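Below is one structure; the comments refer to it alone.
For reference, chains read A, B and C in written order, and residue numbers begin at 1 within each chain.
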Amino acid sequence: MPDNARAGDLTAVNVQARHMLEVETSGPGFTDLTREIDGWLASSGAGEGIVTLFVMHTSASLTIQENADPDVLRDLGDALERIAPYDQSYRHGIEGPDDMPAHIKSMVTSTSLSIPVERGRLVLGTWQGVYLIEHRARPHRRRIAVHFMGSSA
Amino acid sequence: MPDNARAGDLTAVNVQARHMLEVETSGPGFTDLTREIDGWLASSGAGEGIVTLFVMHTSASLTIQENADPDVLRDLGDALERIAPYDQSYRHGIEGPDDMPAHIKSMVTSTSLSIPVERGRLVLGTWQGVYLIEHRARPHRRRIAVHFMGSSA
Amino acid sequence: MPDNARAGDLTAVNVQARHMLEVETSGPGFTDLTREIDGWLASSGAGEGIVTLFVMHTSASLTIQENADPDVLRDLGDALERIAPYDQSYRHGIEGPDDMPAHIKSMVTSTSLSIPVERGRLVLGTWQGVYLIEHRARPHRRRIAVHFMGSSA
């Protein structure tokens, strides 16, 4: 929005851009995507609007979480394991004992996220980072569709 | 986006369309909405953009999940029952023992989803389907507001 | 959309507006944001489109839930405590025993929500309200970024 726009003023929407983010995971855990998304926004000429993130998989997902203490991410991983234990009895086991828990963890976290953008950057709280969560036991190549809609810079 | 647009290029946004999807459920379980949403997008003349899905209820919700092995969906239903058991003691019981678990299951899954659209189709991974989850014990008629914003075809 | 537009018709998108909603919470529980968001939409001159809500914190989050019986909200709070108990052993404890449970509760609910708007009002089911959930034990001032994109009234 122009510098002299008051919050709440209606300003123009006219552009969109898209990008496929590829991430190599190294097994269960959290990968911070914040810098990569901000970098793409800057290179795209995005101004004000909304970024939509969408994970193209059902055994990896998204969350916005604290980026300060890495122990928070480890505790979150443990919490997901309590919700979806490996040693539960599942009907679907053909892809390994980590597969069905991965689907459950995806279901209770986020496949899509919508985040405001101002002056070409994600509008995040001080301690917020955007994370991909890998739920499978082995490394995977994951794709996240990134889409911006709003005004140009 | 035009065929010659590079990913990341800014292209036009100028249209929106909306639709109210109605689904008859037959009790707890998953209903695949993917084809119906793609069909509506095609008939609307949608091009590139974002589809937003919004469930108009608090005892049914949305998820993106694997569309290959139906056992995945059954295991997901079991996982939701472990998170929100029928036999837990709840304050709110007037609408039946399945009602409060239904609200909890809605809270831990998704009321809204945002999905990228390219060339008038949902951008989904190979194994992804868009599902409505019925959480109540009896059949219900459910409404899902569908909204597209982006460019025309 | 104009009164004579059929659902599914493509209509114009041309404006966006943003607002930072500030909420004082009084400890764990649910704050209904519905009226405040509708009031802002009306004052902004929003017509048809999508509202995106984004919580700027990792220990508070959003949900769409039943607005009729307050016991539903209390039962939802209890359900979140069962998912993320205070007396679990966590690595991250420096900010108090309620902090790590708050992050887990945020992860399994919503940091962002996308809600359709028609004639300048949220499109919600009869029993739906939009709630901020405070997960920390003490009162906090919480910020929710509100963004509208679509057409003007």
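We adopt the following convention: contacts are C-beta pairs under 8 Å (C-beta built on N, C-alpha and C of every residue); 3 or more make two chains touch, one makes a residue touch a chain.
As the structure is a computational prediction, the values presented were derived from the model and not from experiment.
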(request) Can you grab the rotation angle between subunit B and subunit C? Superpose on CA, round to the nearest 5°. (result) 120
(message) If I list every residue number at the interface of subunit A and subunit B, are over half of them used by both copies, so same, or under half, so different?
(response) different
(message) I'd like the Å distance between the centres of subunit A and subunit B, where a centre is the mean of that chain's Cα atoms.
(response) 18
(request) Would you please write down the residue numbers of subunit C that are in contact with two or more other chains? (result) 13-14, 83, 108, 110, 113-114, 149
(message) Using the touch definition from the top, list the residues of subunit A that touch subunit C in their complex.
(response) 1, 7-14, 48-50, 63-66, 69, 71-72, 74-76, 79, 83, 108-110, 113-116, 118, 123-125, 127-128, 149-151
(message) Taking the touch rule as given, give the residues of subunit A at its contact with subunit B in the complex, in rising order.
(response) 13-20, 40, 43-46, 52, 54-58, 83-84, 90-92, 94, 100, 103-104, 106-108, 110-114, 143, 145, 147, 149, 152
